[in-house]
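We call the chains A, B and C, going by the order they appear; numbering starts again at 1 in every chain.
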Amino acid sequence: MSLTDHDVKNIAHLARLELTEEQLPVYVDSLSKIFDFVAQLDAADTASVEPMAHPLADQVQRMRPDEVLDSDQHAKYQRNAPRVEADLYLVPKVIE
Amino acid sequence: MTELHHLTLAELNEGLRARRFSSVELTRHFLARIERLNPALNALITVTAEQALAAAHRADELLASGEAGALAGLPLVHKDIFCTDGVLTTCGSRMLSNFVAPYDATIVEKLSQSGVVMLGKANMDEFAMGSSNETSFYGPVKNPWDLKKVPGGSSGGSAAAVAARLAPVATATDTGGSIRQPAALTGLTGLKPTYGRVSRYGMIAFASSLDQAGTLTYTAKDAALVLRDMAGFDPRDSTSVDTPVPDYLATLDQPLAGLKIGLLKEFFEGGLEESTAKLIREALQVYERLGAKLVEVSLPNLPLSVPTYYVVAPAECSSNLSRFDGVRFGYRCENPKDLVDMYKRSRGEGFGAEVKRRIMTGTYVLSAGYYDAYYLRAQKVRRLITDDFARAFQQVDVLMGPTSPTPAFDIGAKVDDPITMYLNDIYTIGANLAGLPALSIPCGTVGGLPVGLQIIGPHFAEAKLLNVAHGYQNETPWHRAIPKGYE
Amino acid sequence: MMSWETVIGLEIHAQLATRSKIFSSAATAFGAAPNAQANLVDLGYPGVLPVLNREAVRMAVKFGLAIGAQISPRSIFARKNYFYPDLPKGYQISQYEKPVVEKGRMQILLEDGTVKVIGITRAHLEEDAGKSLHEDFHGASGIDLNRAGTPLLEIVSEPDMRSAKEAVAYLKKIHTLVRYLEICDGNMQEGSFRCDANVSVRPVGQEKFGTRCEIKNLNSFRYIEKAINYEVARQIEEIESGRKIVQETRLFDPDKGETRSLRSKEEANDYRYFPDPDLLPVVIEQDFIESVRATLPELPDQKAARYIEKFGLSAYDAGVLTASREMGDYYEAVLAALKAKNLEGNEKLAANWTMGELSAALNKDGIEITQTRIDAERLAGLLARIADETISGKIAKEVFESMWAEGKDADTIIEAKGLKQITDTGAIEKTIEEVMAANPKQLADYRSGKDKLFGFFVGQVMKVTGGKANPAQVNELLKKKLAAG
């Protein structure tokens, strides 16, 4: 299935990935190939089949007790942050 | 002369406990090999020499006092996908090239408690996406059997390290074949446990419903030794299964007479090189001699496993990788103009091409108007494939076939075409989709390059798989072969 | 001239009062230092995984039972994908196709006294995001992720409301309910109870709904009414001027009393919902539901109905007294104390004082009924003295004020200040005679026909007796004495 430039630009935006003008045709090409390949799935008879989100059929979600187990470790965690001030993570201004 | 790096993990374990050598000696030995041999292989991204020696000292003390854990003093390498507290954890990506994990993954914690000595972090395909270890930000890994060839992926570094005898065991992960395929290409025993058998907490997520942690070792016995301590319920992982972990060592030697081996019709059709097929047939003959019965089975939906995987895995990864946004950790671009620019350039520059390709594939299949046609459909086919396997296991105990369509290929041979690369996973993906345990063991060579035999079992049949693999290894020499130059 | 009908649906986000977060074991307490309560799971660190908090599920089920809804035996968590700095994982874990609660209802009391049923489409569990702080960082925003991962119950109504007043009435009922159930503290200032309104208009008689706009940033009952009314007027004006309503999100500006379009939304977000692979289906069995049902308190509507039937209170009074669980508990404690004194039958009196003097005093001091300076036992003590005519209602107000200020009981104050009602006929007559003697002109005027001066004499008698003369007796005796002569 062929994707258009517009399709790929849209997806790149949704995924917040920068796409230069040089890169665009490369991705259009490889993504189109992938979707051509994936089109094989159309052949399957899935009319009365339930989708499978987890591989082990009878697993159900465990619930944990409502307990606070963590202490304040923000100093340790913020060592990895690109920009921190007054214990807040800084990002370019968010316009509302 | 038997060098320390010629011994299996089980033999090293026995040697340590008999005090024939110390953990410090062992650790120094492997660290020296790493220093000498790793540069040509590029198997390791980080070497933790000081930490390793400190751990080795501690292990020796515990071994002396009799308080040692089951794996005390044994050197090991962790795939760089596992968070290791205080140690660089890159996932093979520029995005995490500055990321020092503030915590240990559960399996890292467990193995550390058992007393292992971590030598370093293994190179890998970026974010576990690849089948050749060519997408790593840290450069490709070379196959010790032939430095012009790939070791397989995504756990290429783990495989190369163990194959080159830089460490007797490496942890690894398998989402579509990333343990088994490198094991096949480097002559190792690679084990992917049942989904939920081993905790995913601290394992950087690629595709959450497919990822599973496992091992690369020389033998099935070694794998059994490590899995015993790696496996088990983890309350921090909702998908972790709460069933007891058997002693995998205890059942290794059970006789294989009467074992029903299923041969997948679909595995032996088209695309499989005859030289590989011949070795698989010979391996099956060994099993027949041991008393096993071969049964032909068919999994009619299995041919759709690769396209299914290439919808489901990208969908999950596109969401899992959204947290890499330059805000709280990881790579952030220089001088972002505004928020959107920061996101786009941090992620655009931080991620490599294959990762971006998969993120975009995944974003597309989940997007409005396409969800039903792609994602939902793929999840339905996933059920069809899983049901096929379940039906097969009503007739047979295990399934066998090739792990990889070809032995190791040249570095650079397949990078231009994603589909050709994706087809490397054609035999391995089914087990991930169905959450089944599977392993690959060496069964010969073609042109001097190893070939792997894949064994797949029903859910939680790790003991059976290891027993079946061990039986073969008792009769054959392949798992003992060491690549030239690494003896 | 076109006749317009307003259509309103409300989406409420109630923060559930669990100790720890919905998917992590970090604390949820309000007011902590920035990022002190954001653990690795809340921060969306690589490799971490969510594990569901049982208490959040219990609270959701509790709510579902209280609104007569269906509890889904199997519900699914889904990822809602979008990029925003206060959303660490780049997705919010929420529920999409299979929410935990579906198809409930809530009754509201309209101004004309009739009851209307508002449908509740669904209530689902999700995690809250962090907070962006925009001040003080020169061109940058500061992100605090303490709030990230706090459990939310998103309650979605059917578009059943037809006026801002109905919307407020519904909102208040839900607000009261979540506090009754002790699943949410309802603190709108702190953001633990938030409301968005979906508003549209259509010509009366048209079945099809008009295009709706979503109004956000509504954090008080007053604002909601203002915002909805403004928006309705705006939409009508737009349509009548020949323009179409653009489906969009609008922010309410309380200073201007207007709604305005949110600038940054160029196109609708594609959230790419899919079942979260890190979380398994949530199975809620019958015995879980029954164990939650056993913890349901008497619900506000049930309590109000009981007050109307058993105590003869009006629907309005019953509504006020049951607006909070604490108020109802207090009121009934007063009744119990009165009963212990053999003074049953004073429900209306108790209601008036609880809703009146007590509430006024609480408001003045800015405290909650749980912090009252006059407990139920003591208020009952005061009411007992009105009931047995030791003091008049008017004097009682004085006593109340002293009780509030000094923390003493009614009898002590009545004694200390000598406020006992004067009921001695002789004493009253004597006072009347004194007053009559002191005011000859008024007396003459009254006797010559100026009936209005009766009130003057009552006032004078009250003044002389410091308000303590029994009013009924004063009236009776004054009539007799003024007439005579």
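The rule is simple: contacts are C-beta pairs under 8 Å (C-beta built on N, C-alpha and C of every residue); 3 or more make two chains touch, one makes a residue touch a chain.
Given the structure is predicted, the values throughout are model-derived calculations rather than measurements.
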item	value
Most contacted chain pair (by C-beta pair count)	A-B
Identifier of the chain whose CA centre is least distant from the whole-structure CA centre	A
Distance-maximising chain from chain A - centres being C-alpha averages	C
Approximate Å spacing (C-alpha centroids) for the pair chain A, chain B	23
Distance from chain C to chain B - Cα centre to Cα centre, in angstrom	58
Distance from chain C to chain A - Cα centre to Cα centre, in angstrom	41
Sites on chain A at which at least two other chains make contact	14, 16, 53-54, 59, 61-62, 64, 73, 77, 83, 89, 91-95
For chain B, residues contacting two or more additional chains	99, 102, 209, 235, 238-239, 322, 325, 327-329, 339, 343, 363, 367
Contacts with 2+ other chains: residues of chain C	40, 43, 45, 51-52, 83, 85, 143, 145, 270, 272, 277, 279-280
In the complex, chain C residues that touch chain A	18-20, 24-27, 32-40, 43, 45, 51-57, 76-77, 83-85, 132-134, 137, 139-145, 251, 262-264, 270, 272, 275, 277, 279-283
Footprint of chain B on chain A - complex, ascending	3, 7-8, 11-12, 14-19, 26-27, 30-31, 33-35, 37-44, 46, 49-57, 59, 61-62, 64, 73, 76-77, 79-83, 89, 91-95
Complex interface listing, chain A residues touching chain C	14, 16, 53-54, 59-70, 72-74, 77-78, 83, 85-96
Chain C partner contacts - residues on chain B that touch it in the complex	82-83, 89, 91, 96, 99, 101-103, 105, 200-205, 207-209, 235-239, 315-316, 319, 322-325, 327-329, 339, 343, 363, 366-368, 371, 375
Chain C to chain B touching residues, read off their complex	40, 43-52, 79, 81, 83, 85, 88-91, 143, 145, 270, 272-274, 277-280
